[in-house]
Amino acid sequence: MSPFAWHPRPMSEKNLVELVIGVTLLLFLAVFPVFGVGYWVSFVLTQTFLIGIAAASLVFLTAYGGMVSLAQTALYGISAFALGNMVTKGAVKGLHLGLDPWLAVVLAIAITTAIGLVFGAVASRSAGIYFLMITLTYAVIAFTFFGQVTQVSGFSGIAGIADRTPALVGDPVTQPNRLYYIALVTALVVYFAIRHVVRTPFGISLQGVRDDPVRMGSLGYNVALHRTLAFTFAAFIASLAGVLYGWWNGVIAPDNVGLGATVDLLIVAVIGGLGRVEGAWLGAFAFVVINNYVRDVSVPVLGGSFNTVIGLIFLAIVIVSPSGLMGLWDRLWDAAGYREGSGPRAAAAAGTAGPQA
Amino acid sequence: MGRLRGRRWRILLPFAAMAIVAAAIAASSLAAHSASVIRLAIMSDCKGAFGGAYELDIGGAEAALAQYAHGKPVSSKKPSAGMTGITIAGHPVKIVGYGCGNDTVPVAISETKRLMEQLKADIMIGPLSGDEAVTIAHYAQKHPTKTFIIGTAGSQDPTLQIAPKNMFRYHGDGAQWNAGTGILAYKKLGWRKAAIIMDDYSFGWTSAAGLIADFCGAGGKIVKRVFPPLNTTDYAPYVQQLPAPSKVDGYFWVVGGTGTGPSLKAYESAYGKVDPKKFVGNLFFFFQSGFADVAPRLIGAYYGGFGNAPGLKTAGAKQYEATMKKWFGPAGFNVTDSFVYNYFNAAHALVIGLTKSGGALGASLNASLPRSIKAGYQVSNGGQVKLDSNRQAIADQYPQQIVKGPDGKPAAKIVGYVPGVDQSFGGFFKKTSPPPGRSQPPCVKHKFPWAGHIKAVQNGVITKKTIG
Amino acid sequence: MTEAAAHAESAEPILRLRGVGRRFGGLHAVSDVDLDVIPGERRAILGPNGAGKTTLFNVVAGDLPVTSGRIELFGRDVTREPARQRAKLGLARSYQQSRLFLGLSVEDNIFLAIVGVGRGHLRPVVLPRKDAELRARAREAARRAAIDGRLGDVVGALAHGEHRQVALAMALAAEPKLLMLDEPASGLSRGERQLLTELLLALDADITLILIEHDMDIALRVAERVTMMHEGRVIVEGTPAEIRANQLVHDLYLGSHYGSEPEGGASG
């Protein structure tokens, strides 16, 4: 289900509540660094924003294109590696070309988007499990490439990316608020860009491709081209996350694009909810917070393995709500309406299917 | 909200609850900690290739804190259960967290941030592995008010190329660990031409660099270098690249982790049974992960050490081993293991440094951390491990041999004593020289300071007999 | 096929099939079909289940490649061209199972049919004026198919009869030169069939219509010519009156089924 695909219609009660929550949250985030904790600004939330952007590229492909891509982590890594190779100077691994920071950003995004175009063109004729396998291959290629081609990285990765940021970004260590706001604004831009694109002819026809590609062909559409361009757009989004990650972490290593990281991004998208773009950031937030705080909880069972506990929490989320945390919200809303006595049908109408005629 | 009819507002309750929890968590991290409490983090690996060393590392560090700083382990079987009562120079020391790495750079950096920024540690002991240490060295550079004492890591860069002023290492790097072993291959095994197979990443290169420098320095020639990628499963293609056993005097085998066994098997299927006299390795020849697969094939083979000296019968060694047993005997550690030993020395140095600085941190602590420290397996320099100007250890090394133990199982035996090995190999490795890599260092004849001073060790006693 | 040849003389055909065949493994779903349809013609294709009618539609629309023969559309050889090129030339079709985009609203489904034959498939920005114009056309098509009451509803939530209406609206919205409808009446109520028949009769004279329909009332009221298929081949072609009178047709197909509800939905 893709709630943004429909043409503007009267705002439902649920839309209104979501709008109020969203605006409140945004205001909260906008002022958070003024009184917030340094670690929450520099680590938890900045990371949430940028991981959310990468996850949003996956949610976009899945929700609107029907393409579950395992290559999004690789693409955002490629962007960070490209940035690292071009921007760093001196005694670090990689090419350390020492380019102008902004130029390096533009090139990193352009290179990643171009690679996304090629990846997308190759994968666009497949669907389902085959598409999944092809994108998995991309992930493996990226990991192996950066691990073994020591000229551009090697296993220890490229460090010092954060030493050469544009003046606007400053030093992410001593000026974390700047990167926080840049990541927040980028996340917002990505969010609204996706919401906009899915209402355009390109976006609507992408959803048509998702629902029935053969039918789209008989309506006159070039299905492979649509898939390719959607993949390219998603690569562009992922490249933004990669640049932010480079600045934020300072280091990019092959393990950032390894299988573990690839699965992590999938987990983020799934626990957030693959059906709605907001889910990307919700999932990223849950992922970062759970990963970060559960390990300080002492675990009396399971041999004290917090990793197992984290896994179980994610499992529980998915079992309780297969459509993730956003899906949970949708269901809670419906349930609340039902108890009120307006009936499930009316709730479904208000919540998910728009006003009935 | 006027449009929210009836009880719909209840939908917001879970969100309000979540907001409160989030705020509480945020507030708890905000809570100012008492200025006099010193906050310490111990970073190790609990996952990945070295995950098994987690308790060993923490145990090593905590034994020193117990011995020298009044710490009380919560459990003598499980060091990670925590420690209470640590006091140095009148200041309580709190272990704010244990880092759980997995031998990868991304996790190392996020764990470091968690420990240093969220849990606000002032000092880190760790990490465990080479690439992690490289990353954390870059981090340390950007966080000059924090202090980092490397736990056990074999990469060269953190203290040679990067060398932040707030980072210390009281043990050798991967190249130092192998000092003397290449000379033994030349002198004791009579090798002149050898080939080397090494893991294609920084630890493999650094470890191989020690063997290559040493062997070539003595006059040997490396005729072929082969570098399989890390985590290779089929080593046959790489073994095929090695010259046949008839073409070389022997092989330096620098394949670690889970690859040691499979790589030896690939050799056996190509050339027949391993001849231990034609194989010299690094610490992975006798390592947890390969006990069953690796060591039994190699009875008699020499290999580089890990900075430790199992079986050394000196007063210092006995005292150190007794200390470990005293605090964590029930945990059943192999106390001679270098994971334990290196973390112990790191924590010991910290206690000395904090005592001298009177509990002051940052630059003051960095200035106070000892430039030489008494260590169990150190013999030269009056039993003191000395730091060089990059705050990197100059330490004795012990080439070892796999022998059949009394129980018939393979055992490690130290065969040589290489006094006072420094990271630069007497100026051979420089900050400006390319770090170890696929073709670095080059194979050149060179006299290293320890050449001609390597003594035989028999039954744990260092003899006067020079073996290389 | 002298009859077909004679018919074709009257005007340049909009659709010309020569020796068209489609095999699935050993099964000849369509074999050696010759067919000429002239502009503005109303053609019904009849035949029992498994006669190859839908397969014929699929190869004409380009959803399936032919295994033999040649297809000309609007005077152009399109045998090797993909479905989307044929759609661009002015061919629109509907499907037996409606094949709508279940995750999209009624209006968006029709919108896609309009954009598909036009330009700007890949336009990634909203252009309010342009979009409003396209959507106005979509709503007009919905009105003609009497589904304009459910414009904003997601198609997955609609009833079966409504799906047929949406499919019809999409076919109309594309403003095709050649409209191919595959059993548009199946599953419709009597009232809805009546509406459908009126709609088909009121179609623009320049639209050429090819219809697969089991409902003989509709088929024979709407069609000017009828092609009868059996086991993948064309066996008879003629006017409705000729078909009604044809003994073979009676034997094979009409018989007792004439005028009554056909059994089963899926024909070959």
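The letters A, B and C name the chains in turn, as written, and every chain counts its residues from 1.
Definition applied: a residue touches a chain if its C-beta (ideal position, glycine included) is under 8 Å from a C-beta of that chain, and two chains touch if they have at least 3 such contacts.
Given the structure is predicted, the values throughout are model-derived calculations rather than measurements.
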Review point. Among the remaining chains, which ones contact both chain A and chain B?
Key: none
Practice item. Would you mind checking which chain's mean C-alpha position lies nearest the centre of all protein C-alpha atoms? Key: A
Practice item. Find the geometric centre of each of chain A and chain B from their Cα atoms only, then give the gap between the two centres in Å, rounded to an integer. Key: 36
Practice item. Compute the distance, rounded to whole Å, between the mean C-alpha positions of chain A and chain C. Key: 43
Revision key, fill the gap. Note: chain C sits from chain B at a C-alpha centroid distance in Å of 74
Revision key, fill the gap. Residue ranges of chain C touching at least 2 other chains are none
Exercise for review: Provide the list of chain B residues touching at least two other chains, using ranges where the numbers run on.
Suggested key: none
**Study point:** In the complex, chain B residues that touch chain A
**Key:** 1, 3-8, 10-12, 14-15, 22, 25-27, 29-30, 47, 80, 97, 100, 104-107, 109, 113-114, 117-119, 130-131, 134-135, 138-139, 142-143, 155, 157, 161-162, 200-202, 229-230, 437-438
Review point. Within the complex, which stretch of chain C touches chain A?
Key: 61-63, 82-84, 86-88, 92-93, 95, 99-105, 107-109, 111-113, 115-117, 120-126, 131, 134-135, 149-154, 157, 170, 174
**Study point:** chain C-touching residues of chain A, taken from the complex the two chains share
**Key:** 1-2, 5-7, 9, 196-197, 199-205, 207-208, 210-212, 214-223, 225-226, 229, 233, 352-357
Review point. Okay, in this complex, where on chain A does chain B touch?
Key: 13, 16-17, 20-21, 36-40, 42-43, 91, 144, 147-148, 150, 154-157, 159-160, 162-163, 171, 173, 249-251, 253, 255-256, 258, 260-261, 289, 292-293, 295-296, 304, 306-307, 332-333, 336-337, 339-340
